[in-house]
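Each of the two complexes below includes chain A, the first together with chain B, the second together with chain C.
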Partner chain A sequence: MSALAEILFGGLFQGSLYAMMAVGLALVWTTIGVFNFSHGVFMMLGAYIAWQLVELGLPAAVAFPIAVVVMAGVGWILQASVVRPLIGRPNIVLVVVITTLAAGSLIENGALTIWGPRSKQIPALITGNTTVGGVGVSLHQIAIIVITPLILAALCMFLNRTRLGLALRAVAQNEDASHLVGLNVTALYGLAFAIAASLAGLAGIFMGGYRFMSPVMGSDPLLKALIVVVFGGISSISGPIFAAYLIGFFEAACSYYFGLYWTPALLFGVLILTLMVRPEGIFASRSRGLA
Partner chain B sequence: MTDTTSPVTLSHTAAATPIAPGRTPWKQEAIGFVLGFALLALLPLIFGDTYARHILIMAFIYAIVASNWDLSLGYGGVFNFGHLALFGIGVYAYSLLTKLAEFDPWIALFASGVIATLAAILVTIPILRLKGIYIILVTFGFAQLVMQVIISQSAITGGTQGLVRIPGLYVFDHNMVRDGKSAYFYIALALLVASTLFLRVFVRSRTGASIVALRDNEEYAISRGVSIVRQRMLTLAASAFFTGIAGAFYAAYQRNASIDVFGMSLATIILSMVLLGGTSTIYGAIIASFVLTIFAEWMADFGAWRPMITAVLIIGVMLAYPSGLVGMIKASWGAVAGRLKRPA
Partner chain C sequence: MNPILSVEGVTAGYGRVTVLHDISLEAGRFGNVGLFGPNGHGKTTLLRAISGLLQPKSGRILFDGQDIVGHSARAIVGAGLIHVPQGNRLFPDLSIADCMALGAYSPRARPHEAENREKVVKLFPKLAERWRQRVRTLSGGERQMVSIGTALMSHPRLLILDEPTLGLAPKIKDELCASVMDISRGGVPLIVVEQDIEFLLELTQQLYLVNHGAVATEIKPGESLDHGEIMSMYFGH
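What follows is the complex of A and B.
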């Protein structure tokens, strides 16, 4: 019983964080067709901005939303400076890999210079601990497990029900037609990056509440988000979300039965096998080609 | 290329090399090649101290790894993010062959290249059907798997501790330690010359042209009878051999091996070299390796600001010249040449 509860809880918790990261990555990938390697740095920066605001004396309830909004601005600026000028160039996918990597390195080293290498922690959403099914958990983790699906549901509502969200999906599906019907494609690119950055920043705030923060805290989640996106496929927004939780459970089960050491190797082994059988991701429909 | 008077019949003769517009004639390239490397061979005369030579040796190693990556990434269009794993396999193959199996260092050096090639063929099998971003994941996963295996087999590989006291290379009875690193300098240079020669001949050949054709128009290339399976395997295998040898040389030169070679930071540095130099040129990656390695040394005084300045410069070059340093050199050369011509 306790084993099952532990795997279930660990999977839900990790899955929530992965989903927050992966959705932003998938949004940028579908809309602009580039892979944003500074996404992990967004996560770190969001956590550090929140920490700085709390340190200045703001209550967490004010500091966290401000940090998320600031991150939206950061995402917009990054898009305008290192991605937008390259759109339309033939080798954009490769060049954006290096410009976003370089921008990530710039922000990471900037954070190191400003805030120093000492580990920091931001206040938890809810302090305290409890026991669920024989497993001791913190209320902060439970809060994350509850809040994440709500945010993701809100994002799905935005993308499927509002005019702006539909415009974003239209750009993702057919850029030329979007231009023709008069959508401001440039602004929508910026919006995709802004949403992605604020989701990553929020994930960083969640993570900074239960684990110590460091300027390199985003690199491992970025890797996991990349796996999630490829594993789930990106033809719909729900694909990466399901995949995030699936991988969260898989990791929790692996580290319970085989130990933490072998989990990454097993994860990659399973992923390689999955990709050989279904290269377009397990939740993707075969209708849309993704090169 | 030999029979330029009849370009129409040229494409029908089996032995003819396809001529792309703007392609440098091979004689011109050969002269530039010999002059460039002769200049590099003279460098130890200027830089007498061992530290400057050490920097140059590291630049040569990076140049081999980066230019070979350009073959799969630039020419092949295969997003092989496991390239550094091939380098790491070279490092560990050499270390284990010389230390445990007690092979002769030179034989181990060659064998490491062969082992890296075999590993590349192995990793190509799952990516034969995949495209773009999916190739990144599988190759990245391959690199992680190799690293995990090395960490978990710590009894043989030293795990996270790494290996020390790896046998170095030898040249007859020459003292490799007290010669101001000049022996290692010339071995590294020789490896770079061999690797570059191999890469340039490869990409200029019909096989090279067919690989570029697959990258640029896969359907058309396949319809003309180019086998994607065979060419992709060939591309990765060809890019692996000298990468593995560079890894072996790195282990022999440093006398130790650690799993750091599988880390993201080294991969990012080498990838910067490939893209900053300009893909699909081979020479671009080599020039960028020199520029970045020497630049990093030159800025050592800036401490924490160094990676930030480097990042800003990389972004600046990529935004202004998306074809990299080679594009920048070509553009400035064109401007100079245009200005020289104008008064006449």
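What follows is the complex of A and C.
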């Protein structure tokens, strides 16, 4: 009983964080067709901005939303500075890997300079602990497990039910045709980055509430998010969401039965198998497009 | 009547390759305009320059008296100049309903959305039956109808069609030609690129033969030509 509860809980929790990260990566891929390697840095920056605002005396309920909004701006600016100028280049995917990596490294070192290497922590969403099915858990983690699906559902609603969401899905599929119906393609690219950066920032705030933060805290989640989108298929937004939870459960089960030490190796084993059997990802249809 | 569109000395191309060489033409003075000419001589390139997808290297493009060179494609759509591109690639994973909503995206078209949707459904009843179907699952003819329908949703003041009947079977092609004639009768001036000269002769009042990125011959109203003469233009020079 408690084994099941532990795996279930661990999977839901890790899956939530992975989903928050992976969705942003997938959103940027589907709309612009590039991989954003500064996505992990967005996560770190969101956490540090939230920490700074709390340090300045703002209550968490104010500081966290501000940090998320600031991250939207950061995402927009990053897009405008290191992605937009390159659009139209033949080898854009590779070039953007390099420019976003470079920007990410700059931001990471900037954070190190500003905030120093000492580990920090931000307030939990809810303080306190409880037991579920014989497993002790923090209320913070439960809050994340509840909030994340709500946010992801809201994102799906936005993409599927609003005209602006429709425009984002359209731009993902055919840029010329998007221009010809009068969509503001550059603004939509900026919006995709802004949403992705906000979600990453929020994931950072979630993470900073239960683990110590450091300027490199985003690199492992970025790697996991990459695995998630490769595993789930980069062609949609729902594929990575399902994949994120699946991988969360897989990791939880592995570390329960085989120990933390073996988990990454097993995860990569599964990833390689997936790529061999279904290179487009397990939940993917063959096309690029959102929803 | 003043021309609604005039292209004045436009030079354009891709990278270092120049495709259009100082091309000039006018549309809307005598009615619909047809463009024809051999493959790869710049018809599509010209339309892309007109709709702002491609920046000309030099020249002016006046829409309703205003120079639109350097304007964004969005601004040009906003002014009512609507371009249906060649090859109806469209938005493969969106439904017909989604495409129609996108067609009405610009603020100019938004207030007319319901009225234009009715027009589209009346013109292409087939689309209504498949309203929620994804574009990628439609036939070539149906996709072309969606392309043109989307353009009509944009409330065009001038409609540009790039080879609307390309690759269609004769029966569907005739239906589509009839629909395009209907659109024209509805009062929207057209610029149409077509390989089917018969269709162009029926639909348009003024023809341009585009060859090597320039106008080789202009055929004004009154100077009626038969099919044979046009064919000799194609192959003659």
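Criterion: the second predicted complex is superposed on the first by the 285 of 291 C-alpha atoms of A that agree within 3 Å, B and C clash if a C-alpha of one lies under 4 Å from a C-alpha of the other, contacts with A are read in each partner's own complex, and residues count from 1 in each chain.
Note that in this section a residue touches a chain if its C-beta (ideal position, glycine included) is under 8 Å from a C-beta of that chain, and two chains touch if they have at least 3 such contacts.
Predicted model, so just to flag it, every value in this text is computed and none were measured.
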{"item": "Touched partner set for A:R163, first chain B, second chain C, both or neither", "value": "second"}
{"item": "Partner chain in contact with A:A3 - chain B first, chain C second, else both or neither", "value": "neither"}
{"item": "Touched partner set for A:V97, first chain B, second chain C, both or neither", "value": "first"}
{"item": "Partner chain in contact with A:L183 - chain B first, chain C second, else both or neither", "value": "second"}
{"item": "Winner by number of chain A residues touched, once chain B and chain C are compared", "value": "B"}
{"item": "Chain B versus chain C as contact partner of A:N174, first or second or both or neither", "value": "second"}
{"item": "Touching partner for A:I272 - first (chain B), second (chain C), both, neither", "value": "first"}
{"item": "First, second, both or neither for A:S105, with chain B first and chain C second", "value": "first"}
{"item": "Chain B versus chain C as contact partner of A:I126, first or second or both or neither", "value": "neither"}
{"item": "Intersection of chain A interface sets (partners chain B, chain C)", "value": "291"}
{"item": "Chain A-facing residues of chain C, complex", "value": "51-53, 73-74, 77-78, 82-85, 89-94, 98, 101-103, 105-106, 109, 136, 150, 154"}
{"item": "Chain A residues touching chain B - in the complex, by the definition given at the top", "value": "29, 35, 81-82, 85-86, 89, 91, 93-95, 97-99, 101-103, 105-106, 109-110, 112-113, 219, 223, 226-227, 230, 261-262, 264-265, 268-269, 271-272, 275-276, 279, 290-291"}
{"item": "Residue numbers on chain A that touch chain C, as the complex places them", "value": "163, 166-167, 169-170, 173-174, 176-185, 287, 289, 291"}
{"item": "Residue ranges of chain B in contact with chain A within the complex", "value": "73, 79, 126, 129-134, 136-138, 140-142, 144-145, 148-149, 151-152, 264, 268, 271-272, 275-276, 279, 304-305, 307-308, 310-312, 314-315, 318-319, 322"}
